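Two complexes follow with chain A in common, the first pairing it with chain B and the second with chain C.
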Partner chain A sequence: MEKTLNLEHNKYKMVSPLRRELEIPDYRDRDFLVSSEPLGNAMSVFVSNRYSEYRKLGFPRWKRVDISKMVLPPVSPKNGKHYPDPYVKPIKWLTSEEVELLDNLDFEGSDRKLLLLGDIFFDTGYFVSVPSGIHLKEPYIFNREEMNSSISSNLFVAGKGSKMKIVLNSTGRGKWSLQNNRFLLKRESSIDLLVVNGLSKSDFSFLNNFYLLEAGARLNVYEVSYGGGVLASYHMGVAAGEESRTVFEPVFMAYGDSKIDLQYIARVKSARSQAIIDGTGVVMDRGHSIFRGTVDLKKGSRGATGKEHSSVMVLSREARTDAIPSLLVDENEVNASHAATVGSLDEEKIFYLMSRGLTREEALKFIIKGTFDPVLGKVVELFPDHSRGLDRVFA
Partner chain B sequence: MDRDLFLDSSRFDFVSTTDYSYISEKGFDEELIRQISTKKDEPEWMLRKRLESFEIFNRSLEPGFGVGTGDLDLSSIVAYLKPGSERNRSWEEVPKEIRETFERLGIPEAERNSLAGVGAQYDSEVVYQNIKKNLEELGIIFLDMETAVKEYPEYVEKYFMKAVPPSDHKYSALHGAVWSGGSFVYVPKNVSVPLPLQAYFRMNMASSGQFEHTLIIADEGSNLQFIEGCSAPRFNELNLHVGMVEIFVLKGAKVRYSTIQNWSKNTYNLNTKRAIVEEDGTMEWISGSLGSMKTMLYPATILKGRRARAEHLGITYAGPGQHMDTGSKVIHLAPETSSVVDARSISTGGGWAFYRGALKISRQADNAKSSVQCTALMMDNDSRSDTVPIIEVENDSANIGHEAKIGRISEEQIFYMMSRGLSEAQARSMIVRGFMEPVSREFPVEYAVELNRLIDLEIESSIG
Partner chain C sequence: MNLLDIKELRAALREDGKEILKGVNLKVRTGELHAIMGPNGSGKSTLANVVMGNPKYEITSGKIRFKNKTINDLSVDQRARLGIFMSFQYPQEISGIRLRSFLISASHNLKNDEPILKKSRELERLADEIGIGREFIDRYLNLGFSGGEKKKTEIMQMHFLKPDLAILDEIDSGLDVDAMRSIATSIRNFRSPENGVILITHYERLLEYIEPDYVHIYVDGSIVMTGGPELARDIEERGYERNWKSYREA
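Up next, the complex of A and B:
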């Protein structure tokens, strides 16, 4: 299992924070039976194994995000709806070799309990496997509102030299939703991924994504998060092959009473790979954002580049933002840096724009738009049909 | 040139034969606390504080972060060792073997040349404390903590363990229960202490613990520089240092607290330092953390008054067998407060340097400014270097910047310098000195030289 943090060096081990648990109603054995009906043999074994681990854990009591008020949705049987594409099949019919791959892409997630919940109780899940050398122009769209999915678990494999785009949209899913997504990028393959998390007030939304990159693979993740609920989004990219490139470019806007907790871990285990995390956000009203970016350069990452940057603007007196940029370096022949800035609205810029005839509100919108434009511009270019309205949300 | 660069480590690594008038049983219990209090002839209120702290200690868990303390067996630590010497104001009265120890460490010489006063602690007790007569006449108080508890209860009761309460963490509770030695400094209003005061701490016995408490009160408009040094010979058993420094910087005052920590490599250094700064006050922490096997130390400044300032400059060295978890903590509680953190680390020979930082801008801290910079040099590929700062901002007018870089010395740099006639070791130590310079230049010159020498020595031994 790929752990979020692995703080050991020679004979020394760092103390890990104590995992504290919440007392909230959980699924029971009866729910498990409902949810595991119908499943293929291989998946049945996988899910049962996970359930024995799941039962031993409680839900996490997090320091920065309170999820004690969440209520789990009723479980549903696995949805086997056909996705009209030759490379896609429902995940519940995975063969034993494919389940082995799912097992190999095991990780801790934002919390092990939540990850296991998604692996066991998913109502919808697909296995997308694009063969070697295939370049797909149109993206795969997983719109959870349209799929009526509260809990989903997907597996994506980009074959050698293939190219694909994916859109994971959870906007409007409401109340309580969770998704686990695993990605294997084989040699020289490339994935562009757009994740859209549009939250409504009182939503609890969880996302656990894991990416394994072979040599020369390219991964670009754009995550757009906005709204008023609670979001805990976790992404871990592992560069296992040489000269791969992982880029996380999130943008976020926390308003109302929202808590947006974003975690990006770029772990490099191979030579000359690149890992870049670059986040931009705005917090307003009583919103609270937490941005955790970790560049983790392991032994063997000789010649690697790891860069992390975050920039957050605080627009109201009651808003709050936390930045936790971590740089963990086990190899000395690397280029590793991080930078974080937290700032307020530049009154001089507002004054200048107002002197050119804009109202204060227009000037504010103009500045915010300018902050997000570099990333949203790329999103619009890559996903022209699926990014409509985002620039409106972000201004 | 080599002789200048590389210091003989025997200067620190020697054991003195000492007569002790009292050595406590190993481990910690209530009986020990009562004995310490009796031996010190303490007032009742201090014993009460100790027992309250011990109760908290018994209920405390290990910190949920930092270095692993699995091999630290508190039941094998001797908490209290009283050397067979009373406190003295002249070096001649200090017993010969202890005097020789401090002479080898250069303390009396430094006092003559560049200090306003010196306190020297040998294991659990201060054996020498002196301040220049003319400074005493200005009303500056510089005493060992035990004497201050008796002579200035109005200050000690008011401030002792108020910046760091025993409930802060497990080791602050332990400290509150068994503290012994340390200095008390009071600088009156508008008095500037012209030369630094210094405290030197020496541990001389295996499996012992040192728990000194330093309490500094800089009254309004005053100015003080305080220097702290520590060392111990190397033993096979673990030694434990759980010191505490509390500093109260009142309105418009300025305190600079400099430390060169050079505990031997069998020491657990779990130290707590915290300052509370009132309006227009300035606190500067200058730290050189070189020694110990494992360290957890994050000097903290609470900027409580308007326009209060903090500066944290630190250099951490993690050599073979060392796990150094160091950092800084700044809490902005008032408007227009500002802070600068410049943390540098060197890891070599398999050492682990971990920077842990916390910066908090509270809702009241309008127009606060802070800049945090971390730079790490990894001398080789067996070492490890990590940087984890936590930034929390609850205000919409703050201006916060953080930057970190981790890198190595390139072969081109070494090659260039070797082509100009330097040996590899000289080239490396010159680059390291340049890397440390922004921090080392803030120490008084004698200490900067000392810091450079210590680092040279460490680098020489780790290059082999």
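Up next, the complex of A and C:
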């Protein structure tokens, strides 16, 4: 299993902190039985194994984000809805070989309990496998609301030299949602991924994404998060092959009483790979954002480049942001940097814009929109049909 | 017609209460071009900022009237909508805001209801005329522009927004001779019997290309002397080092 923090140096190993748990109502054996129908044989074994581990764990008590008031949704049998595409099939019918792949892409996620919950109790899940050399222009769309899904688990495989785009839209009115997504990018393949998390006031939304990159693979992740509610989003990219490139470019806006907790880990295990994390956010009202960016250059990553940067603008006295950048380097001859800026509104910029006739509110909108424009511009270019309205949300 | 009428204006930095404007009097009528000259740190830029309404400064006494209306308590955008424009000595760089969309929005607020396409073409024409590439219009506001490009863009904004009073704060600083000449031509073209211009500058150089109606010498927070273009030439020859107090008293 790929752990979030895995510190080892020569004979030294890190001591893991004790896990603190919450006492909240959990699924029971009966729920497990309901949710396990119908499943193929291989998946049935996979899910049963996971359930043994799941039962031993409680839900996490997090320091920064309180999830003690969350209520799990009722379980549903696995959805068998057909996705009209030759390269897509429901995950519940995975073969033994495919389940082995799923098992190999195991990771800790924002919390092991939540990750296991998604692996076991998913109501919707797809396996997307694009064959070698295929370049797809139209993106795969997984829209939580359209699929009427609370819990989903997906597996994406980009075949050698293939190209694909994916949109994961978890915007919805449901109060609780969880997504696990695993991605294998084979040699020289490329994935552009757009994740949209539009939160309602009382939402609890969890996302666990894991990406494994072979040599020369290219991954671009744009995550757009906004609204009220609670979001804990976790992304871990592992550069296993040489000369791969992982880019995380999240934008976020926390308002109302929302808590947006974003975690990006770019782990490089191979030579001459690139890992870039560049986050931009605005917090206002009583919103609270937590931005954790970790560049982890492991032994063997000689010649790698790791960059981590975040910039957050705080627009009200009650708003809060925590920027937690980490740079872990266990290899010589690497190029690594990190920077985090937290600032308030620049009044001289507002004055400049107002001197041209814009009201203060309009100037503020321009500045906020401008903050996000460099990333949203790329999103609009890559996903023209699926980014409508985002510019309005971010102004 | 009276455009700007400043009477005994005193203003201080809001942050620490330090007084910077110490009793400024200035009258600008339509059709006039005034040059305000003074040494570094005398408060010339502060005067421009206070007239424009920068909240960094607080007016402690005196009056600013514009088109016969007291504007002391008006917000920055209200002053802009009345017809005041200020070009900045150090124009702000703002990522993510494209010059074209920003100026079109701004002109809409200034009651220019012409179709967007027409405004867009007007901007392109102005870019050609002022000598900055059209590509600058679609770049982020002042981001990565050279000093000269920023100043030219400020002048382009002035032409596009068509204010009644343009206050140009050190529009000549950091310009080479060719850029200075081109900006001077552009300011001359802007002048009309319906508007007024205040040029704030250190040097007489710019005034070789633009003939001002009045030259004011501004020292330590107030205007100490007013004259014609010959006053600028005198400053160029003899500098600012002299006993201005006696001039003021005289």
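Observations on the model:
The definition used in the following text is that the second predicted complex is superposed on the first by the 394 of 395 C-alpha atoms of A that agree within 3 Å, B and C clash if a C-alpha of one lies under 4 Å from a C-alpha of the other, contacts with A are read in each partner's own complex, and residues count from 1 in each chain.
Keep in mind that, in the parts below, a residue touches a chain if its C-beta (ideal position, glycine included) is under 8 Å from a C-beta of that chain, and two chains touch if they have at least 3 such contacts.
In this text the structure is predicted, and so the values were computed from the model without any measurement.
Of the two partner chains placed by superposition, only chain B is touched by A:15; chain C is not. When the shared chain is aligned, chain C comes close enough to touch A:352, but chain B does not. Using the contact criterion defined above for the overlaid structures, shared-chain residue A:317 touches chain B, although it does not reach chain C. Once the two complexes are laid over each other on the shared chain, residue contacts for A:343 go to chain B alone; chain C is not touched. Of the two partner chains placed by the overlay, neither chain B nor chain C lies in contact with A:137.
Touch counts on chain A: comparing chain C and chain B, the chain ahead is B. By the touch criterion stated above, A:369 is placed in contact with chain C alone, chain B being left untouched. Shared-chain residue A:360: touches chain C; no touch with chain B. Remark: chain A residues 7, 9-10, 12-18, 299, 312, 314-345 touch chain B in the complex.
Every residue of chain C that touches chain A in the complex is listed here, in rising order: 52, 54-56, 75-77, 80-81, 85-86, 88, 91-92, 94-97, 102-103, 105-107, 109-110, 140-141, 157, 161. Within the complex, the chain A residues that touch chain C are 346-349, 351-360, 362-363, 366-367, 369-374. Contact residues of chain B toward chain A in the complex are 61-69, 294, 323, 325, 350, 352, 354, 361, 363, 376, 378-408.
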